[in-house]
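Two complexes, one shared chain (subunit A), two partners (subunit B, subunit C).
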Partner chain A sequence: MTASRRLLPWLLLTPALLIFAGLTLYPLGRTLALSLFATDYGFENAKFVGLENFQELWDSRFFRQAVTNTVVFTVVATVLEVAAGLGLALLLNRAFPGRTLVMTLLLAPFVLSTMVVTAIWRAWFHFDLGFLNNLLRAVGLPGVPWLFDPNLALWSIVLVDLWQTAPFAFLIIFAGLRLIPQDVYEAARVDGAGPWRRFRDMTLPLLAPYLFVAALLRSVDSFKLFDKVYAMTGGGPGQATETVSMFVYRQGFRFFDIGLASAAAVVMIVVAGLLAVVYAASLLKGAGR
Partner chain B sequence: MIRIVAAFALCALSLIPLLWMVATSLKPPAEYVSTSIALWPQDPTLAHYRVLLDSGMWRLGLNSVVVALGTVALSLLAGLPAAYALARFELPKRFDVVFLGFVLVIKLAPPIALAIPLYQVLRALGLLDTHLGLILANQILALPFAIWMLLGFVRDVPYSFEEAAMLDGAGFVKRLLQIVVPLLMPGLVATAVFVAIMSWNEFLFALLFIQTPSKFTLPAFIATLINEDETLWGRLSAMGLIASLPVLLAVGLVRRGLTREVSVDQH
Partner chain C sequence: MRTIGKALGAVLMLAGLSLPAVAQDRLVIAGRDAGFAPALAKMVELYQAKNPSVKIERLELGGGPLYERLAVGAREKTAATDVAMLDDIWAPEFMARGWLTDLGTVGGLPGEFVKSAMDVSRHDGKLYAAPFVGNIAMFAYRKDLLAKHGFERPKTWSDVVKAAQVIQDKEQGVSGLVFRGIKGNPIVTSFLPVLWAHGGDVVSADGKAVLDTPAAEKALTQFLSFKALAPKGVETYNATELRDAIQQGRAAIAVEMWSSWAGTLDGSASKVAGQVEVVASPGEVKGPAPMLGAWLLAIPADSPNKARAADFIRFVTSPENQKLIALETGNPPTLTALFNDKDLVAKYRWYPAQLEALNVAQARPRISQWARVETILGDYLQLALIGQLQPKQALTEANAQIARALSR
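Right after this comes the complex of A and B.
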């Protein structure tokens, strides 16, 4: 009885543990190992090269460009999305007729497949016939080469990402806003604090942990950027929208330089690991409150 | 008053791209390949839907359904017992903390970083280019999510109910099936819906691990349409609408749960 009771939880965990071991832990370890070899597939005929792949990455103009693009995209998209989420949350904080409907409708872009989102926006960005340029020309402005201008393409993708995922930031920040006790505001009002003072000195500090979590989750996600770039620009024009994920994809699945692709993947895993530590620390801090 | 107008205006603005998709799916090519800004079609047509149906697109929809159902089934079958064990048993060496930390890392890790070895694993298992392989790959995201979410729901089921059944001599399996699962139904349904949406929208693994066009899921097929010819907007929009409708309906039904998912994310 006791022996079977001790075994039972492990028995229950077995399927999940098997799936994790085979599909996550093993691939993770294999990526780490492959990053130390020059190989075009597995370990057969692979040559151990130590850290040479990382040296090659470091020297690669393309990789540096991909890193720069990814960082720029992540920072800009995250800041804009959290700001938009905060604005929406404040706007919808007070009850009004139709608020539930507005909230539900606002979530629509967030739950769509990224490929559907990309399909719509690629049509909107079309230079000659796209909806955006048609609008601009209708009011007498010149069309904008949204995806063809190397200086503009990444910002166009930021715009699409903002449209699709600001609702997610909104959901988190809105949840935080609902938890602020209203009597705090009553007291401040009695003390004569105006709306701006109340926002700056009370709402913002009380909301800070939620803004932080929203920013962290959005940056983690932006850091992986692949789908939109793959189908919208393919990384172009030139290297203007190449991201680290695209770099890994191209090296691994187009050029079959598995060693180099794995090294780039390791760099991504390390960065994700650091973000995970920050996230875990913030969760623990939240739990200790 | 200004607040209400602003809220509705922003909402309308954010829905224009979706409205454009619905309208374009009904426009003849002469209307969407133009410089007009008219959203609604003058001369609506169902031609794009007919072309898609005639070209066997419904089979791709079926692929997406099969993969989504498989992903949900596997993640619940493996996830529910795991969540139950984590919620109900004292595990040695803080196994639960280690486990949840691990889940967090997976959640944050970029899928492309695991894609190369995963490709080799699926190939070794003979599961490359099969829906079963894609269902397995989807577990990387689906299973941690399912466990994390079900854990909260299992904790909400009072243990005293199970203890009462134990006094009546009910064995473990009987308790699980007759007490825990029925009480857990809303949580199971919500988890299933989210995992299904996740799988329905998943693109990267579908792109990398499915090679035969007739086995594509909808997002993978849409990607080929986007890259093939960028002015097939009518067909693309019809396809996008068909792919989005089930998700939009599901979200309308479980909007409350979506808010819970976000709070699960934080705690």
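Right after this comes the complex of A and C.
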């Protein structure tokens, strides 16, 4: 192989690598560097403080709470959304009258903008006038303090997220389900496998890559949770729904404490990286099997 | 590399925002949304009719996004805004950092404005902004309900609690009082009149954090007692919920009633038209300290159209247009004479009381770090409101955080 032929792939890759470096590596490197400075904007007049910003984050009850909220939300929302997506996919994989209508209604929340979704749910969650509490009161149950009980607020936002984005998980899983050849099931039926056995030993393993992709995409999105919290609770009550994204935004764009915001962003990248490692390990394990 | 870095930073931070304006006969006006937007929209419409050749772009933003746009624009010198609507609490930062144009260099500003609103528009003796909306935190109560249960206008916050308790106990479906409990600016602005009435403060005149005092603790304890008298879920209440609770007759007293919200109290949407009295906040240990919340118009230092911007600001703050804005949109004026204008008083019966309140109004601390201080205080107030911190602990921790913010 000639030298020019060996270099050709690199030459072809160069534009993509340059774009990647400019749009991903440079901001990452800059964020990492800024996290070591006390600065109200960029590097002008910035003072090197080493790891002080990280120490401050460690000492901050608000940041610790934000990390906890973010991780809890990511795990719970992802699991529920993938489970709901799977359930809906199995349900809608069977023919029944009105299936098209049900599917259309099911997908509607996913096409709405998050601001519209939050406006709808804020009205539904209203303690005195909201649709949900009116429904509960109509059957003799007491109203629920959806958004103002610190023990409930995060779960209320999980519920909104589930309503809006479970259809996304459903779409991925439903596509996977439609690709499973029906003759496999017919063979299993001939061999005497019941519905549960077919689901456990055939459907689930064959759907695993789709479930994995749905979980990956939903967890990445959930980890960045910002808009729903911003619009529905502002991070409250107290710090009950504050997420790391909100913490970074407030430090960076409300207070212009760019050093601290960058340090929080670095922590966010590290936690997200750990999540990615878990996924990558699962993926490689699956590929090796 | 440095240039590329700055450019990239600017692009990322200003994603979605306008590109720098080109110097020509045009105006980019960045203003608030919600109740303030119709006032600016009306002025743009009238100014455009008078000046058809000027290309005017009006942006309508929420409080937070507006601050971010203006602050990022000033730091990056984007020259993207010609007229900026500023909350008076942002003004110290913008003026001290040299982000605004001295109005004296672009023809000045005629008119006799309310003194407290004028004071917050000046820095080092120079006028950097024009008072646009004479907003002030008032206090509102149902005079029919208070009279029914033998109460007069509450003079102190203790009187407020007593009246609210009786009304809550005796009037089915009516909460004693209502306030804004959502964290951040809303809960802070609900709390400050109570704090000041008790003789406490957040930041001293010499810029020190002074929140961990017995006076502040008494004020917070009293403020927290309001929760039992308020509608359930008050922790999530903002302006809309507060206004609805009063207008629909679901609450008897509003701890704060901003004058720009009060315009619809006697309107057709109100179930209690004519029954709500709007007055200055009560006192306690000290006399009333109504809080100023004026909105200002200013010209960013990097505006490429300063002369045109100054002309627009003079147009908006002229007596006839201030009156028009008040009549048509309910935004209170800032020119002293208008508070006794017969047409305006006929429509807004509380205007004379509002002028009295404006004349003794207290501005929030004139420090450039107020946005951060307010957020810290709002966070801790809410932790106390939901019972996760005791008043003393909340104030001590907030004070330490505020001291740190002030030292940066």
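Keep in mind that, in the parts below, the second predicted complex is superposed on the first by the 234 of 289 C-alpha atoms of A that agree within 3 Å, B and C clash if a C-alpha of one lies under 4 Å from a C-alpha of the other, contacts with A are read in each partner's own complex, and residues count from 1 in each chain.
Definition applied: a contact is a pair of C-beta atoms (placed from the backbone, for glycine too) under 8 Å apart; a residue touches a chain by one contact, two chains touch by 3 or more.
Since this is a predicted model, take the numbers as computed values, not measurements.
*Asks:* Would you sort A:Gly22 into first (subunit B), second (subunit C), both or neither based on which partner it touches?
*Replies:* both
*Asks:* State whether A:Trp163 touches subunit B only (first), subunit C only (second), both chains, or neither.
*Replies:* Once the two structures are laid over each other on A, A:Trp163 reaches subunit B alone.
*Asks:* Now for A:Arg250: first (subunit B), second (subunit C), both, or neither, which partner does it touch?
*Replies:* Touch status of A:Arg250: second partner only.
*Asks:* Which partner does A:Leu92 reach: the first (subunit B), the second (subunit C), both, or neither?
*Replies:* first
*Asks:* By the touch definition at the top of the document, which applies to A:His126: first (subunit B), second (subunit C), both, or neither?
*Replies:* A:His126 sits against subunit B and subunit C alike.
*Asks:* A:Gly235 in the overlay: touching subunit B, subunit C, both, or neither? Say first, second, both or neither.
*Replies:* second
*Asks:* Of the two partner chains, subunit B (first) and subunit C (second), which one does A:Gly42 touch, if any: first, second, both, or neither?
*Replies:* So A:Gly42 meets both subunit B and subunit C here.
*Asks:* Who touches more of subunit A, subunit B or subunit C?
*Replies:* Result: the larger residue contact count on subunit A belongs to B.
*Asks:* Return first, second, both or neither, reflecting whether A:Arg30 touches subunit B, subunit C, both chains, or no partner chain.
*Replies:* both
*Asks:* With both complexes superposed on chain A, which partner does A:Leu107 reach: first (subunit B), second (subunit C), both or neither?
*Replies:* So A:Leu107 only meets subunit B here.
*Asks:* Where on subunit A do the contacts from subunit B and from subunit C line up?
*Replies:* On subunit A, the residues that contact subunit B in one structure and subunit C in the other are 22, 26-27, 30, 41-42, 126, 128, 234, 253.
*Asks:* Considering only the defined contacts, which subunit A positions touch subunit B in the complex?
*Replies:* 8-10, 12-13, 15-17, 19-20, 22-24, 26-28, 30-31, 34, 41-42, 88, 91-92, 94, 96-99, 102-109, 111-116, 118-124, 126, 128-129, 131, 134-135, 137-138, 163, 168, 171-172, 175, 210, 213, 217, 220, 223-224, 226-227, 230-231, 234, 244-245, 248-249, 252-253, 258, 261-262, 265-266, 268-269, 272-273, 275-276, 279-280, 283, 286-287
*Asks:* In the complex, go through subunit C and note every residue touching subunit A.
*Replies:* For this pair, the touching residues of subunit C are 5-6, 8-9, 12, 64, 67-68, 71-72, 75, 182-184, 231-236, 250, 371-372, 375, 379, 382-383, 385-386, 388, 405, 408.
*Asks:* Report the residues of subunit A in contact with subunit C in the complex, numbered from low to high.
*Replies:* For subunit A paired with subunit C, touching residues are 22, 26-27, 30, 38, 40-42, 62, 126-128, 143, 145, 147-148, 150, 233-240, 250, 253-257.
*Asks:* Which subunit B residues qualify as touching subunit A in the complex?
*Replies:* 3-4, 6-8, 10-11, 14-15, 17-18, 20-21, 24, 32-37, 74, 77-79, 81-82, 84-86, 88-89, 91, 101-102, 104-106, 108-121, 136-137, 139-140, 143, 147, 172, 197, 200-201, 203-204, 207-208, 218-220, 222-223, 225-227, 230-231, 233, 236-237, 239-240, 243-244, 247-248, 251-252, 255, 258-259, 262-263, 265-267
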